[in-house]
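Multiple structures follow.
Presented sequentially are two complexes of subunit A, the first with subunit B as partner and the second with subunit C.
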Partner chain A sequence: MRRRDHDVVVIGAGTAGMVAGARLAEAGADVCVIAKGVGSTHLAPGTIDVLGYAPGRVESPADALTSLAADHPYALIGSAAVADAVDWFTATATAAAGAFPGYAYVGSLERNLLLPTAVGALKPSALVPETFVAGDARQLDGLTVVGTPLLRDFHASLCADNLRAAGLRTTTVSLEVELDRVDANALGFARRFDDPRWRAAFSARLAPLLTGAGPVGLPAVLGLRDPHAVLTDLQAQLGRRVFEIPTLPPSVPGMRLFEILHHALRRAGGRLVIGAGVVSHRREGDRVAEVQTATAGSNTTYAADAFVLASGGFHSGAITLDSHWQAHEQVLGLTLTGVPDAGAPRFVPSYFAEQPLSRAGVAVGPDLRATGVSNVVVAGASLPGSASWREASGEGIALASGYRAAEVTATALGAGAIA
Partner chain B sequence: MSDLFEIELLRGTLDHCVKCTICETACPVSNASPLFPGPKYAGPQSERYRVSDEAAVDASVDYCSGCGICSQVCPQGVKIAEINAQARHRLKRQRGIPLRDRIITRPTWLGRAGTPVAPLANWTLGFRPLRVLAERTLGVHRDAPAPRFAGRRFSRWARAHTSPAAPRKVIYFHGCGTEYYEPWEGERVVAVLEHNGFEVVVPEQDCCGLPLQSSGLFEDARRSVRRLAHSLASQLADERTIIVGNATSCTLMLKREAREILGLEDDPELRRVAERTYDICELLLELHQRGELRTDFRPIPERIAYHAPCQQQGHWIGKPALELLSLIPELEVREMHARCCGIAGTYGLKAEKYEIAMAVGRSLFEQVEASGAAEVACDSETCRWQITHGTHLPSVHPIDYLYRAYGLDHG
Partner chain C sequence: MLSLTTEVLVIGGGATGAGVAWDASLRGLGVILVDRLDLAEGTSGRFHGLLHSGGRYVVKDAPAARECIAENRILRRVAADCIEDTGGLFVTTPWDDPAYADRFAAACRETGVDCEEITVAQARRDEPRLHPEISRAFRVPDANMDIWKTVWAMAHGAQQCGARILPYHEVTAIRRDGDRVTGARVRDVRAGEDLTIEAQVTVNASGAWAGQIAAMAGIDGVRVFPGRGIMIAMNHRLVNTVINRCQMPTDGDILVPIRTVSVIGTTDVHTDDPDDHTVLESEVDRMLDDGEKLVPGFRQARALRVWTGVRPLFEDAKAAGTDTRDVTRAHALLDHRQRDGVEGFVTITGGKVTTFRLMAEETVDAVCDLLGRDTPGSTAEQPLPGSESGANYRLGERLARKDERLRQEQTICECELVPRSRLEHALAETGSRNLDDIRRRLRLGMGPCQGGFCIYRTVGIMHAAGGIDAASADASLLDFLQERWKGVWPILYGDQLRQMRFDEWVFQGVLDVGHLPEAPA
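So, the complex of A and B:
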């Protein structure tokens, strides 16, 4: 029998699902976010890239958003909701009662920042943690990139070579750091930086090695407990501005992003159940009445008036292409759109070219409602119409569509417009 | 279990690993100690190099505490903890099982030996020179939290107790912690269930085998869990009858772990028991959602902390205890965010692992202290003992607050 009843069940705990869940809970809905596992936040850099390329590099996302194709997720969401979502997120992240007091997200839809990646490319981002801001290449003359041989996921000289190729005066410092283990990742370092004494000792060793001008770029390891304090301390100790450069997963700023959203969800009375992958569902007429999740012992039924599908699309396996070249939405069996016709090419040989399949997703109407069912709203990477990795738009679509999905769902539930 | 089944459901899941490292972000042990290299490394990566019948070259999987969080957070469905539990079993089989692991994994032996002589046994467990001796000879850490024998057994109370006949019947699986150390918890569970209109049946029962399983003694663990499942299954003739337990790690063993880790998916009795077993808070929340839970709660004007144990999280049902506790007027509940208290059943008792367990638990202990709570609610008995050990605060099962709020403590 195992059964739970909620107003809304959100499927997926990445940025889109957590935003939708938090917003619905804030609107007073009884909401439960269920997910097979932890979502994409831990793998992404923790920035909110709204629109970086369309197809040339975008200076102002606000301007570029208005000229997207009519079936692009942003066109469906609408510029106003995108702006509201960005405002809501900035306020939520920065809230004194939030997960990380003082750890502000900085930026706007008016101008993209331009931030170094781990390989020294420059990536346009609309909204970034304060720990990234000093790396904005638009404001930069010279900089120093610091690495350590122990962190094999980050190579300062590789990053610096490419930044120099982009015209930035870049020096590198390689600092020997001892941890208690031979195989350290960004997370292992972040936990060290949480310790004020450890980071003071780190700064004391690094300071005399800094010769070049400008800010100091470190791999994104500036702590998981109080990143604002870590940034403040390092800048004071080094006498320079300091910024983070995203690493390979696990992404420390991405883990912070998850905590920000999780905190907001919980504070508003929403629930999160991790480990609850959807295995089947039941429809009543044109409604999805309930989903079944795998739980210990036997499945649990989650019944709800409305569902938000934020399950991650192809990236997470929520949409698949089988060996007969048929595409399937795995969670609720929804209709897909954007899949090339039988016989037409799904892929092209150039890896980095836009793939014909890449804009496929769950067919939705103008209010993000899934086609063919009346009570499912879609958010995040399952939406069709974008090639987010080429556009640098994935997190922005996740945030804005999660926000919009909550609006649509709350209105449908009769909870009224969200405060 | 057929080989194909095993390949599909357990070991074969390692092929779904995309090396995303999400498990590494959640592992309490590898984040506290370099001796365990982390679930991804010890699990899907190392498993490819573990060839049956060949000697293992890397023993680090022995430092996995078996908390299971890695499997819970994995977005690809890789059975990391379960793969590691089987690897630990093979490692132990090759290298030999310490006498200590054969002793501390048998709560029934210990309970039966200690209960009649509880004052002496408790004195012994608290007597420093003997604990030092036990550490040197057996490898049980001198400071590890040892529960106190209650000196009476829950099952005795249950035999003398008559549950009022009611249309709804529930089978109570109390576990060894309730039987030998905290019989009052069982009495409170029974009282809360009866207050909600259940007739409570307490069948003859014994250890679920979880401690044996987590120390790699699989053959003994299988015997234990099958015997228990047989006893419980005999009560399930009525299709509506369910089993409920308050020892959340033991109910998880019945629901899922024994079937997956011990390879008992094909056991029909265990399957029936698994499908019908509920954690007590899971059941009560479900009743509440159906409007069938009594809510005649008196206020409890206290501030408490709530810690959801790893094994409770392994039920994949969220945190029902939090929702139940929120029904009690004036009870201020602070949810703890730290993942693990460190003890993981018997892991933190072992001399070579005690310090790791304490390091794992440190952030929980700090959060509890910072919360200003006077008491800590937690669904697992070994976690409660560890929390009390680490914080010096009392720790009780969430059901205790319902018991008090119903006024059942005043008869």
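So, the complex of A and C:
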């Protein structure tokens, strides 16, 4: 049995866990992020949606955040921490010494951008990669959506037709591209776009087919190594602004987001261990003293003074509902809240209505501390009180709560104010 | 108003109705078949997939057992491609009366249902997940049958003989001319148009809805008691053989492996409304508990989907008594000339999917009587289109095809291995732009992810193929999500809850379908 000791162990490598880990490392803590697998970033579009619907479409998240329920994660985090987190993230993502030089996140809490999805709905987002900006429907008159039959996870004609219904002058191009096989997912295409010659050939083929006005929307596959260069090249070659539209998972912009946070964590001296699912834990009094992970070869014990739990909700498997309809927090056996009582409906017959179970999460106090233990702070989708998909708030909650969890934890450790 | 003329009008596109259309077409009769919904969308498409050996009925209902084994042997030949020869086991679990096993074995001998007792050790070698405390095990020729494939093969076969198959055509009135039924007035619900169909004989093959159709013809006393039963599809083949409890038939005592899933069923609850698809939590719990008795650890497996079907249990109010004990699972063929003095109208109801061919044959015999023909039926010999080789379906066929064309063909639905070419073929062939219709043809979206990936892809391809605008494409997508949810939310726990939360992420978080122009408020 291997054993490792850290100041802080963060459980979960989604946006919340990675932000908490990076912030704690920056504060000088010896921090290790452990996770069963990669998290939300590889699925979500890579935008930071702070608050899109409440329940009507939100124009300014900063304004709307103040009117949420008292048990909503944003109310627990506090609007000052939300603003600080957004500033920190924007600076981190855009830093010259960051993962992708030149690649910036754009936006603010003051005004949401309105971005096309792959089905042609318009989704409000607060912070978006620079590769999304030209798709902001508020700034658009006409646009061209480009797809290829070889990418089954993005359908330009449907996307364009819905955008047309929303009042945007939209044209479509279906481009035949050359691959060595009949399909590739977004990741496969992104690797090809990383190759300057491949993307030059792509542009050469596409340019003569562009007839309509305005920017060109492409599936979100514009590279994983140097997306800023891909965007710059394409815009120069096509003579138009270019933007990305998120595809079905895997999410290329999301993987970039993961790299940005991973880079920040490493640069500050933190570690990340993927493939380390927590299988048990040991408590000492009201403290969690250590967790054991199942890793290749033998199990590993991680002992720490403090833990940040950012392992996610029902979608990640960190919170489960068994066949006798009992809910469990799987990682540390913490108390849950927001779970409907036995006999009360967990779900309702309308798919589009809010499901009663959707706001369940780990019970926390006002400073995100898990109820019943003294050294665990909770962040991200583990938190109760939000309906993240309906609100378009998941990534914003993850960012802000990860940031706030690091603050609370660092203070408790006596590591001083975070730089 | 458009008017069509035919010799035989069949009302109902389930296994029986399609069987009647196929049988009558083979006998050279002109046929039009109508159904208010898609083919096999009623009771037929909502059964557990079991082609009975007859073992279930040997003790309780010997004639039913004899019918089942005879039909089982015929269908294995003529519908070979729709049937997987899984074999079946009857096992005595600790909860079953041990004395039943000997009665069962004796009754199998009397009724001619092939049955071989095997050692418990052998049974557990064949099916390692079986409950370790079973005490007896009998092999029988149960199998599974893909009912959608079967019904579509019959419909295609009938079409090749000139029949017209009209799904989404709802009967709005039965035409009567004095004491004669002369066809029906139907509404094409997709086009929103009415048409009249003039027929020499009208066959009411509407199963659980037969009383409603008969009443439209002014005929009363055709009482069909819908018996609602729930079934749950579990992910994976928990077993590869049909498993039956060796006891008097009751609830939750059959586990049927079919395609990529295992289906547990069922219950029998009287309902007044054949369109009642209520699923109670207590019924789900009961099925899961019953599953544990067959396969320990059943509750840890992933429940994919729950649905209910309504059996048409027939009682003839004009028969000798009106005691509900006369309610029977046997099929009933009513010649309304004899019964009610109404010419040109026949009702076939009751029965079970295993015996649909026989029901259809007897019905067409009666139709021929009315028409003064004496052509014999040939469905016991004539293979269905696609089944000519006589080879049974094998699990793994789709995977083998996929492997052959790995780099030449896109896969649209990974769970059910549906290639793009099959989807495009189905879109072209059916002309349907309804995702649920496509699902029934291809099993698209029926696997573990329940459409999480393939549904967006399919809508995109459907839209690009033309014939549908964005609003209709959106509506089809949203309808599919709502329809899927109906069969999912009552059994959401464990990994399937995790899956659905992931799917929500895709549909709401990535695509934001809740804010399409067509989305419900």
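Following the convention adopted for this analysis, the second predicted complex is superposed on the first by the 417 of 419 C-alpha atoms of A that agree within 3 Å, B and C clash if a C-alpha of one lies under 4 Å from a C-alpha of the other, contacts with A are read in each partner's own complex, and residues count from 1 in each chain.
The criterion applied here is as follows: contacts are C-beta pairs under 8 Å (C-beta built on N, C-alpha and C of every residue); 3 or more make two chains touch, one makes a residue touch a chain.
Every value quoted in this text rests on a predicted model; they were computed, and no experiment measured them.
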item: First (subunit B), second (subunit C), both or neither touched by A:L187; value: first
item: Which superposed partner A:G317 touches (first subunit B, second subunit C, both, neither); value: both
item: Subunit B versus subunit C as contact partner of A:A294, first or second or both or neither; value: first
item: Partner chain in contact with A:D5 - subunit B first, subunit C second, else both or neither; value: first
item: Partner chain in contact with A:I274 - subunit B first, subunit C second, else both or neither; value: first
item: Residue contacts with subunit A in the superposition, subunit B compared against subunit C; value: C
item: Which of subunit B and subunit C A:H228 touches, first, second, both or neither; value: neither
item: Touching partner for A:R283 - first (subunit B), second (subunit C), both, neither; value: neither
item: Which of subunit B and subunit C A:R241 touches, first, second, both or neither; value: neither
item: Touching partner for A:P45 - first (subunit B), second (subunit C), both, neither; value: second
item: Set of subunit A residues, in rising order, touched by both subunit B and subunit C; value: 43, 180-181, 183, 249, 316-317
item: Sites on subunit B touched by subunit A in the complex; value: 20-22, 24-26, 31, 34, 37, 41, 71-77, 242, 252, 254-256, 274-278, 282, 285-286, 289, 313-319, 323, 335
item: Subunit A residues touching subunit B - in the complex, by the definition given at the top; value: 1-5, 32, 35-39, 42-43, 179-181, 183, 185, 187-188, 191, 249-250, 255, 266, 271-277, 293-298, 300, 316-317
item: Subunit C - residues contacting subunit A, complex; value: 281, 288, 299-300, 303, 407-412, 420, 453, 456-457, 459-461, 463-464, 469-471, 473-474, 477-478, 481-482, 484-486, 489-490, 492-495, 497-498, 501-502, 504-506, 508-517, 519-520
item: Subunit C-touching residues of subunit A, taken from the complex the two chains share; value: 43-45, 53, 57, 117-123, 150, 152-155, 157-158, 161-162, 164-166, 174, 180-183, 246, 248-249, 251, 313-317, 320-325, 346-352, 388-390, 392, 394
